[in-house]
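Next come two complexes built around chain A: one with chain B, the other with chain C.
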Partner chain A sequence: MSTLHTVNKSPFEKNSMSSCLSHSVADSAILMIEDGVYGAIKNTSIAGDIDSAVKEKSIYVLGPDLKARGLNEDQLIDGISVVDYAGFVELVCANDKVQNWL
Partner chain B sequence: MATIKKFMYVNRKAPYGTVYALESLEVVLIGAAFDQDVSLAFVDDGVYQIMKGQDTSGIEVKNFSPIYSALGDYEVTKLYVEKESMEERGLTLDDLMPLVYEDEDDDWAEKDSITVVSRAEMAELLEQQDVLFNF
Partner chain C sequence: MKLAIQINEGPYQHEASDSAYLFTKAALQAGHEISRVFFYHDGVNNGTNLTTPPQDDRNIVKRWSELATENELDLVICVAAAQRRGIVDQGEMERNGKSAQNVADGFRISGLGQLVEAAIEADRLVVFGD
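So, the complex of A and B:
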């Protein structure tokens, strides 16, 4: 059974991101959306946790939410993939279920 | 003459995910009509509000970041950004909008509205205020 995890909260304000990271198994897909995209940026106080997660899980970030917040792909932690809304739908379809870390 | 009070608007939320940032801006603009000694603080996720290059065309939400550039015209010229909050988020001053105002007491010279302060200095600034508005 495969699961897509989504995180829509800033990792600096809520523990949704860390809960997601600790409750997702290897090979899971994790998609950062809305304020969750702040977790994808390099050199932050949580970048180490994301770096480790990238090694065993597939981490995605929603491009339009990055752009809205003045962030660009150059600022992302290596190994994170940018998807658009069509890519979001594909991830939902490619997995058996979705866990939203609100 | 009415006493001028020190008003500080304390911004701690990222834009777009919640309505706090936009609501704060609206209250700041309304408050600007009352000739008080106004300043804005950007702490924690609030520093994300003044990131440069915001483009909301992909999420169908109004991009209100240009309004920060207009604050100087309303004599809102003191924007304090906390250094530690930027560092925790991998940001530097270069990631923020270059916000300026024209100083009428100095031949309309263009000056920076943003002052980067430490967490300890921010604590002092909060202490010096008469009124705090929290967003």
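So, the complex of A and C:
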């Protein structure tokens, strides 16, 4: 039983990213979308938490939302994968449940 | 796979309506069925035909209407959320003595039961919003 979690708010604006990280179990998939993509950037105050999460969960970031904010793949924490909307759809289908943290 | 979508945020607010639209389009392109798109809370504002965005901006309402026509989507607006926000169809206009109706093409007003049904019948429910 696997779950895909999506987070759409910056971790510096709301605590939904932290809630997601603490509630999701190992082997979950977490996709950062919209302002949530800021959580994928290296050297921020939350990067340590994301770094730990990468070791036991699959972390993804939505490429178009990254690009819309002038961010690029070189700035991402190691181990985070970039997906497009087709990849988003695939993640929804590949996991048994979807939990959207709003 | 059968997918249902829920949108809780109005157009031109943050990004939820855009994300939901692009996700829905990608799912249809991949051959999945979108069994229902349910507009809830401020999301009901996606279904008013009175919006006139600047010509060089995306027309979010029209975009949903067109996607619905092309793919026979069921776009459902929550009635209680719609009444609060002035989204009115012919029936609601007559029932509540309003002077106009403004539900955009392809949308219909119905109850929360439609969301429950969509969540039960679809393989996945994906929620976009604030």
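Throughout what follows, the second predicted complex is superposed on the first by the 102 of 102 C-alpha atoms of A that agree within 3 Å, B and C clash if a C-alpha of one lies under 4 Å from a C-alpha of the other, contacts with A are read in each partner's own complex, and residues count from 1 in each chain.
Throughout what follows, a contact is a pair of C-beta atoms (placed from the backbone, for glycine too) under 8 Å apart; a residue touches a chain by one contact, two chains touch by 3 or more.
Here the structure is a predicted model, which means the values were calculated and not measured.
Using the contact criterion defined above for the overlaid structures, shared-chain residue A:71 touches chain B, although it does not reach chain C. Touched residues of chain A, counted separately for chain B and chain C, are more numerous for B. When the two complexes are overlaid on their common chain A, residue A:12 makes contact with chain B while staying clear of chain C. Of the two partner chains, chain B and chain C are each touched by A:34.
Contacts of A:49 after superposition on the shared chain: neither chain B nor chain C is touched.
With both structures placed on the common chain, the touch criterion links A:102 to chain C but leaves chain B unconnected. When the two structures are aligned on the shared chain, A:63 is found in touch with chain B, with no touch to chain C. Within chain A, the residues touching chain B in one complex and chain C in the other are 8, 34-35, 64-65. Put simply, chain A touches chain B in their complex at residues 8-10, 12-13, 34-35, 38, 41-45, 47, 63-65, 67-72, 75. Residues of chain B touching chain A in their complex: 13-17, 44-45, 48, 51-59, 61, 63, 65, 87-90, 95. Across the interface of their complex, chain C is touched by residues 6, 8, 33-35, 64-65, 84-86, 88-90, 92-93, 97-98, 100, 102 of chain A.
Interface of chain C with chain A (complex): residues 1, 3, 8, 14-16, 19, 22-23, 25-27, 29-30, 32, 123-130.
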